[in-house]
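Order of writing sets the chain letters: A, B, C and D. Residues in each chain are counted from 1.
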Amino acid sequence: MLDDLKQQVCQANLDLVAHGLVTLTWGNVSGLSPDHTVFAIKPSGVSYDDMRPEQMVLVSVETGETVDGDLKPSSDTATHRLLYQAFDGVGGVTHTHSRHAVMFAQARREIPCFGTTHADHFYGPVPCARALTEQEIEEAYEANTGQVIIERFKELGVDPVAVPGVLVASHAPFAWGKNAADSVKNAVALESVAEMALGTLQLSPDQSPVEQYLLDKHYFRKHGPDAYYGQKKG
Amino acid sequence: MLDDLKQQVCQANLDLVAHGLVTLTWGNVSGLSPDHTVFAIKPSGVSYDDMRPEQMVLVSVETGETVDGDLKPSSDTATHRLLYQAFDGVGGVTHTHSRHAVMFAQARREIPCFGTTHADHFYGPVPCARALTEQEIEEAYEANTGQVIIERFKELGVDPVAVPGVLVASHAPFAWGKNAADSVKNAVALESVAEMALGTLQLSPDQSPVEQYLLDKHYFRKHGPDAYYGQKKG
Amino acid sequence: MLDDLKQQVCQANLDLVAHGLVTLTWGNVSGLSPDHTVFAIKPSGVSYDDMRPEQMVLVSVETGETVDGDLKPSSDTATHRLLYQAFDGVGGVTHTHSRHAVMFAQARREIPCFGTTHADHFYGPVPCARALTEQEIEEAYEANTGQVIIERFKELGVDPVAVPGVLVASHAPFAWGKNAADSVKNAVALESVAEMALGTLQLSPDQSPVEQYLLDKHYFRKHGPDAYYGQKKG
Amino acid sequence: MLDDLKQQVCQANLDLVAHGLVTLTWGNVSGLSPDHTVFAIKPSGVSYDDMRPEQMVLVSVETGETVDGDLKPSSDTATHRLLYQAFDGVGGVTHTHSRHAVMFAQARREIPCFGTTHADHFYGPVPCARALTEQEIEEAYEANTGQVIIERFKELGVDPVAVPGVLVASHAPFAWGKNAADSVKNAVALESVAEMALGTLQLSPDQSPVEQYLLDKHYFRKHGPDAYYGQKKG
């Protein structure tokens, strides 16, 4: 069932490796079904070397139960599920431990928007969600990881479609997008802007973020009704 | 039409990937026709994986109109065009978001000439053009990106053939050269000297640039009538 | 004799190269036999390019003598042997000069646990063993390298199975695990958390380590009787 | 003539690329003939992509004249020649612009010996030769580059066989060895210890070099009559 989705999600997981964002098995991608009721996700702790579409696990968005697949889904499945429930318009989620994004997460700092590379993908800083409390960790670690992400976007009044990524304090980044492949692209962009921001801060420790009008220009030249980057679809 | 040029420009775009300067689709190379009336440029937002010469778009230097090609040209086309109009002797332009060059651009700092690697390619610091104003961004973002580059070279009295690259504040580098392939080489050199300069400043925060006579020696041993690097042409 | 072990140890040495942890011939992996009496180890100074299982050298855990093989074992053999003697449950040892781990070793600093990437593999900071004295170096350099590692774990009261790696001051990292392959995984994780910690300290020089409860959660979700990461074995 | 030497030198130049030490055409390796009268060196500005042994140029150690080959030798030939003349026991020379070594050269700092990776290859800090004067540059740039290297080793009383590499201020590293292949290994080691030293200084800005007895131990375990690293020759 949903063979196309499994194929896309398997490919997106392999693309994550090709982009150099995965060390050992640290990373997973999921994608939502066309009717938004289930998502396909990478099995837990399985090597990328011989990953196949039929190994992808289908999980119910509503219940979190596995509805198809012989393997256990990623241990981060509950986080993916919460994001699908809370964020309208999100059809793919990617979790990595990519190096530079993790540096910011571990320093518990958001990634400021220092330039157009960032503005092309994230309409504002990439937020950093707070660390979980002891109780939150003990009760439902992965689900509560999703909750602190959702909480942070609400606090900031930020649209997750316009800022398709986040850092979780002391942990690592999550990115999302229209579908699995798009979430991988945003994870690549997130890692890249983290690396560039680190170097920018080394050269200019008090560097201000870009002006709002530059942010607007770059974001809306690629996104929304007036976008003019790329080829016309259809 | 101009199949050779399209072939060269396509290859130069692929070389940019081979040199590790491209993440996702962030980068584009163009090359000028022998009669200087049109340039071939990468189409906008097209994946490098299956790029073919016939996809290159031909654009008029005078009008900026597409004169051949089914796809939209790169969104940065107007910047390329301005540089061809203003800079005599430039036959190829490369735009990237290469990581270390972007760090300097985001820090709004020029790249000082700290050594012979730099002097071999750039006869002086790689300048940083100012950020665009809100009005310049809204009216004609890409053309005005070209204008602030040209303005900066005029202010500094620098010959763009002797300093074949620039950073645009809060954005990224542009490099140029005799033709498309040569502009890619200069983009590679620019990224490399940016990385080396970053480390130099880490080890020696107040490092002075090299003496003028070392700059002269290295630059003129590779460029101009007394050059003795490489093989005799013809 | 012990062809399976030699095959596993040879493969583990090659995996070390594939993970980018080896420069020239700086690195070696060993693995313990099922009856814990001998270990197979890479021969000294042999190129990885044409390494074959039959070149692996078998060494007695009790005496340190070569019991099988035509080549000299790694010059670090005595360190491996000491670790097998002292650390119960360790069936594989990896030594590298991986770059970021060496930076911490040379700075004589332990690697603090700044996040979940670290907590997933090391239950607490990666310790730094003291530098050897002149006498220790002259008398038995490699064996005493093992001794200062063992001494450090005793001082700290740390279980080497829970913290499967160490830095030796002014030298480099050692990692270990259930078997040769597992020790390579821990060497990969050690290098990765060293790199992430370096960047974290650049962004936040006084960064505190993670809370104990986060460390507990991540470590025990992958290790011990209540682990729920990966697939059920058997 | 000297086909074996040309083959070895060509291969050593290609190995330099394989080790990631070459950007564009920045780098060259040479090797001395068995009778020490000529050396083979890479031609100037030739691409590594289709380099062939027969392109290597033979140059006289005594006169500096080309004695065999259709192409111009590397523009750095005079530096290689001076080193063969001055340094007994050196049979290969490698010049690169490897990134981290250049950072130290541009900062005009020697590379301190912070650990065993360094001590295994260089018996003490990697010196930094002074910048050339204007007159030295104008009169004979490449030969005088050799002269300041030789001058620095004399000033320090350092044996170039024990410290087979150097930085030239505001320029880049040179390394040497028994033959072309050995000089490449030392260039790889030099770049690696430069990178590790940079990170060590970031973690510990006032880090002391290693104790003399550790330096002695590591150096003499790999070099000289009591060496016990690697396999017995012959």
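In the analysis below, a contact is a pair of C-beta atoms (placed from the backbone, for glycine too) under 8 Å apart; a residue touches a chain by one contact, two chains touch by 3 or more.
Just so we're on the same page, UniProt names per chain: A, B, C, D = L-ribulose-5-phosphate 4-epimerase.
Being a predicted model, the structure only gives us computed values, none of them experimental.
Chemist: Could you check if the interface between copies subunit B and subunit D is built from the same residues on both sides, meaning over half shared, or from different ones?
Modeler: different
Chemist: To test your reading of the model: what rotation angle superimposes subunit A on subunit C by C-alpha positions, in degrees to the nearest 5?
Modeler: 90
Chemist: Work out the mean Cα position per chain and let me know which chain is farthest from subunit A.
Modeler: D
Chemist: Rounded to the nearest whole Å, what is the centre-to-centre distance of subunit B and subunit D, using the mean of the C-alpha atoms as each centre?
Modeler: 32
Chemist: Rounded to a whole Å, what is the gap between the Cα centroids of subunit A and subunit D?
Modeler: Result: the chain centres lie 46 Å from each other.
Chemist: Residues of subunit B touching 2+ other chains?
Modeler: Residues 202 of subunit B each touch two or more of the other chains.
Chemist: When you check every pair of chains, which ones turn out to touch?
Modeler: The list of touching pairs comes to A-B, A-C, B-D, C-D.
Chemist: In their complex, what parts of subunit C are in touch with subunit D?
Modeler: Per the touch definition, subunit C meets subunit D at residues 23-24, 26, 43-46, 71-72, 75, 97, 99-100, 102-109, 131-132, 134, 137-138, 141, 170-172, 198, 201-202.
Chemist: Considering only the defined contacts, which subunit D positions touch subunit C in the complex?
Modeler: Where subunit D meets subunit C, its residues are 114-117, 120, 185, 188-189, 192, 195-197, 199-200, 202-204, 207, 210-211, 213-214, 217, 221, 228-232.
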